[in-house]
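Let me begin by handing over the structure; questions about it come next.
A, B, C and D are the chain letters, set down in written order, and residue numbers restart from 1 in every chain.
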């Protein structure tokens, strides 16, 4: 069996779904942030796979992926900083308890 | 490559860095404000000089320099300047990190300018994230419970939305082999005849994910739920910037991406046109209905902003449905965002001054403001009138313009929903006005406002009335900016 | 006065009272409110001027072969191609007779009022209304256009309203005024509808043109009948014909001179005049004409029955008026214009006189209730004499005025319809009875009141004497058919053998016998006391109750229909519908929107993961709908 | 005319409003005088225009005193104003009431500056509606009126004033929202916003993307709310009940006339076929308006509410006249608009006096005031008589023209029945007006009102102006009908005169 585009895409979508599930179900803000990273990783896989199979002559997907990685890192940094700020004030990072503003 | 075309962005980036550095040395923080404003003015000057040149591409077709982009860039620069001016009154709450505050504002502005110019999915993504990350920080700038909570909600949901958007981009790329917007169109056109690309749900699915990702930025229902919470908790100038800057930038991107990449009727434009029409109807209705019961004015404006996104989406729907023959969809978007920005600026400027004094954003604390601060109350009223869409404010012409495009393109049902909702919206906008002019004042003292704030009030008021009574000029500019779409 | 009257002076007949009205309303009342009598002098001179001019007009007309004058008109409401209303006058014998009746009675009443209204705080206001009334009444009889007739028709109704309610602080007066206006307006509904029908049919409202069309048979018979019935409905309202008669007895709340002028002599007769004016239409519609006759005949006896039992002197007179108006309608219906109008002419004088007499009695005794009168013949001899003459006249005793016109009506009825003849014969008896019941109760016997009675001042007595003379002689105009001849319309059924020649027929003797027995019965019951009125009342107690309760028609109209059915049920229901259903729906929609908002708001729970879920659900929703409809 | 008379008439009041609002330190007294001056000049000018109006037959349908300037070129919207026979009387009426309400408001003491500023802005907006010949301009003026009304009712009103004010606003906005949709449809079917051009060529130049009927109804909705037409009328009693006197006068006098004006000017002129097709429906509603409105009026216990409901009934005559589609009926409808303006204006003004002087508005608690306030009673009676449509008042001429015109019009089937039923309205009108007069002014004098003030000189004067106008039109209707007919003739020509 050779690996085809669909295998990568299945992997990517499964990963994306896992990340999404994590982001929507876990209570810890940090875990949610990690789940988002998983989703971005899933996208990267799809991107690279597409690049490899659809336009093998070009590196568009790879370049895109690099940008994604960079941005994800920046986002994670900022996210963690915010989580720290929250923790300092409330001593919790349980997102279900962070619901001061609603309705 | 011609770097001259990129000077406005460079100036702005330079200013941002300069502000951070200067923050380390200067004691009088007013200098930072001045520098930021000067940087914005210079950038705007360069941007104006580029107006109406022939459209050009830079950075390997990553960015375009055309009237459309410049129109938005100037708008963002104007909004940024206004936001910086109103921030002066808010400054006691931001005392510690003024340099960062201004720098982040400038970076957000830069991001938005890039969004307006981006012509490649990669540059779209990067500029979007530049804006977003700046805003994540700005939202949490107060570091109190509400501000940080807003920030957390914003970044986590923003992350999810980014991932969704990216997945959409990936699918688009995968099915067309292009990240270039123009390339995507070309690819779709080429493959329409030969393969069943469009028949496969993959590209459509990608398109939907793009709509969702961008819908998050513009707070379209059902991707809107972050907005009220974030608006409420964020520092008010940031809320203002978020509601007029970030949202408008979102529309700039949507127009560019959807029209350039999927603008042809055979390239799904009917599909996304209808999708936006439905989203618009839902957004307008829900935004208005939910705004009625709000007790916090910022939250109310958040919901009202959702409704206004809905109105603007009418023009997106028009764009999608009218195809390439006319540009009224685009030009009406441009007019509307300007009118909306002016009205929101006016309202928020007044709110900043009042909430500074009253130390509250609750609507009930606006009671009797007409007596205590007649000028502020008047401006706020004018802003609300413009948001309601009553003449002689610019908001009326903006709505008229948008609706006229929609009515001409078979969206009469949507127009009727929209106009009826305008009537509903009067209910909650006027409620604030009523309270200010009819309510009993809770205190005797007036509300102080700085010259900077008064300048903002004056500019926005003049703008609202000018574009409400003599809108020709702005309509012409919008048409020039939108002309690049006609092909 | 051999010369033909100039056109401008014809206009002055109508304009003089108008000038008087404007003068008093705009200058005297605001600025000279404290000068007594001046308003009266102005009004009297204006009306006197109109009377003189009317007489001149009469002679002019007699000297004109056609007995008609054409007066050039003014444009009033002209919309090219749509409507064309000119303000013009039609001057024929009918007009002139009416003018003379109106101005004569009005003049007498105005003079009388100088005494009667002396010292009343509303003195000037009284003359404002009176002048306006005279203006409007003259306008009504003179104009040549149906729409303009309607204008003045309504204006006399308005004056009637204002004058009935003259003493508006009395609740009864206020109520009566309102009732009068509304009931007559019910009739005007028909008049207006007739105007619409005629205008629709012929595009013109010019009276002489309409006559022409009617005579030429150019109006469809159904249209003609409906129009005639509509007009008669208006006439019935104004002339208090059954079933719209209920307002007139209550209208006696107004000052008595007003009752004399408006509610006896002129305005209430306007209905008769209207039918006479539009007679060519009725002539060509037998159905309408017989309706007029039957309603008139029935009203005559119907009102008379109620007149039998009233104790208020003015109310007796009011029912008598209704009854006599019924006679006039009957006369129009069975005999034609001349007969009806001749009775109108005579009735105006003797009935005005009766009312002025009643006013004089009231002036002396301060009451209208006959149970507190009696014996006044001694203290008020002039009043007694004139009242007696008028009573004899109305009872139809030869050779007084009432005899002549009433017998003509009876004769016409006999030749047309036996039933109506019998009814009107019975009415003759009743009329004589109730009138002499009044005479005996008021002037006969001993005084039963507490106030010390006295004769009225000359300013009141002189007009009564003048009217008494007229009440005797006015009937003689037609003793040889001269009056009928002048009016020209229709065949005269009357006996035109002259003053004594009429007695050669059997009919006058029958009617005289009926009248005589009525008088005799009244004498037996109220003067000689041979028969106790109480025993009679007890004997016919069911009828007595029926009459004295006025057939419960007031209760039927005001309580059952007006209040219970319409106001409390229908209108209240509509109000409820308005506030609960229609407005309630509006508020309900608003509340629903807010409620929806409140429940949807709960989704915004502050849980960011829920928000994220909505993003995903949104995506799925779009995908699914694209798959379905895309 | 070189001199832009109409523009001056329209914008002088708002200029006055700006002066009053912006110039600091004005005393209340001075503000009143400024307001009086800035409304008196437009009144004089509109009288001049009314007299200068060319009534000759050759000018039938011609729009006079036009002014035109390019405004929003990209969407073909112009600043285009002018008057024809239809709008001229309404402009005069608005200017007249504009001045009189300043006098009526002379005793307002609360927040005088804002009050007069809003009042003057309101006048400009109404004048603008009647003069606009461009649909967008028309709509803008139409909408501007909402804001002053909102504040005037909710600040200076009484009772549930805020509820009533917002109800008014929401109703109006819903109506105008639909109207806006209609205007957009017209614009995109024809590419024009010019009302003259549209009425001359009708929808001939349309590329019919949208059928005419929906456009007709969208536009009609806006006008129907304003007129108001059953069942969209419930805002009116509330607004009137709680509005200050002067605002009631304007509302009844001119604002609701915008509805009737719009129907003739837009619905009838641009959609003659739809108007004819749907006339039976509207005639039925007109009949309901008249009879039902009058019936509900009879049961009212609040003085102002009663008169408000009577307005609903009276405006039914306007609707009847309009959709009978006959020349005379349309003239009658226009006359009725004018006449109702002055009659109900007077009634509200004098009702305000009664309420102000006695401090009571419940009819059941009033009584016998004829003795204590004879002048007010006389004025009210004259107004009431006019409202009943008694001849020699403008009310009679208007109603009789509507009836005659509707009855003879052959444009719609069944008009006879509608007209006859509608005539019940004047019967009921007599009932409620007389009942009102009886309960308030007649009957025994009540002790509790001893010493109440009667009308003073100023009050008497402005009432006199109303009365003179009522009688003048009633006695010599040609003073108006000539002008009106020159505007109506071309409209009526659609259905064969």
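Here, a contact is a pair of C-beta atoms (placed from the backbone, for glycine too) under 8 Å apart; a residue touches a chain by one contact, two chains touch by 3 or more.
All of these numbers come straight from a predicted model, not from anything done at the bench.
Asker: Count the C-beta contact pairs for A-B and for B-D, then tell me which is higher.
Answerer: Counting C-beta pairs in contact, A-B comes out ahead.
Asker: How big is the gap, in whole Å, between where the Cα atoms of chain A centre and where those of chain B centre?
Answerer: 26
Asker: Using the average of all C-alpha atoms in each chain as its centre, how far is it in Å between chain B and chain D?
Answerer: Result: the chain centres lie 43 Å from each other.
Asker: For chain B versus chain C, what separation do you get between their C-alpha means, in angstrom?
Answerer: 78
Asker: Averaging only over C-alpha atoms, locate the centres of chain A and chain D and give their separation in whole Å.
Answerer: Chain centres of chain A and chain D, defined by C-alpha means, are spaced 65 Å apart.
Asker: Residues touching two or more other chains, restricted to chain B: which are they?
Answerer: 152-153, 156, 160, 228-229, 424
Asker: Give the residues of chain A that touch two or more other chains, as numbers and ranges in rising order.
Answerer: Where chain A meets two or more other chains at a single residue, that happens at 20, 23, 32, 95, 98, 100-102.
Asker: Can you tell me which residues of chain C touch two or more of the remaining chains?
Answerer: As it turns out, chain C has residues touching two or more other chains at 601, 604, 606, 608, 612, 616.
Asker: Could you list each pair of chains that touch one another?
Answerer: Touching chain pairs, listed by label, are A-B, A-C, B-C, B-D, C-D.
Asker: Mind pulling up the chain D residues that touch chain B in the complex?
Answerer: So the residues of chain D in touch with chain B come to 71-75, 114, 136, 139-141, 143-144, 146-147, 150-151, 154-155, 162, 165-166, 169-170, 173-174, 176-178, 180-181, 184-185, 187-188, 209-210, 214, 218.
Asker: Which of the residues in chain B end up touching chain D in this complex?
Answerer: Contacts found on chain B: 385, 390-392, 396-397, 400-401, 403-404, 407-408, 410, 412, 415-416, 419-420, 422-424, 426-427, 430-431, 433-434, 437-438, 470-472, 475-476, 479.
Asker: Okay, in this complex, where on chain A does chain C touch?
Answerer: It is residues 20, 23-25, 32, 95-96, 98-103 of chain A that touch chain C.
Asker: For a test of understanding, state which residues of chain B touch chain C in their complex under the given definition.
Answerer: 152-153, 156-157, 160-161, 164, 201, 204-205, 208-209, 211-212, 215-216, 221-223, 225-226, 228-229, 271, 274-275, 278, 286, 289-290, 292-293, 424
Asker: Which positions of chain D touch chain C when the two form their complex?
Answerer: Interface residues on the chain D side: 57, 167, 170, 231, 233-234, 292, 295-296, 298-300, 326-328, 331, 368, 370-371, 385, 390-392, 396-397, 400-401, 403-405, 407-408, 416, 419-420, 423-424, 426-427, 430-431, 434-435, 437-438, 441-445, 476-478, 481, 485, 497.
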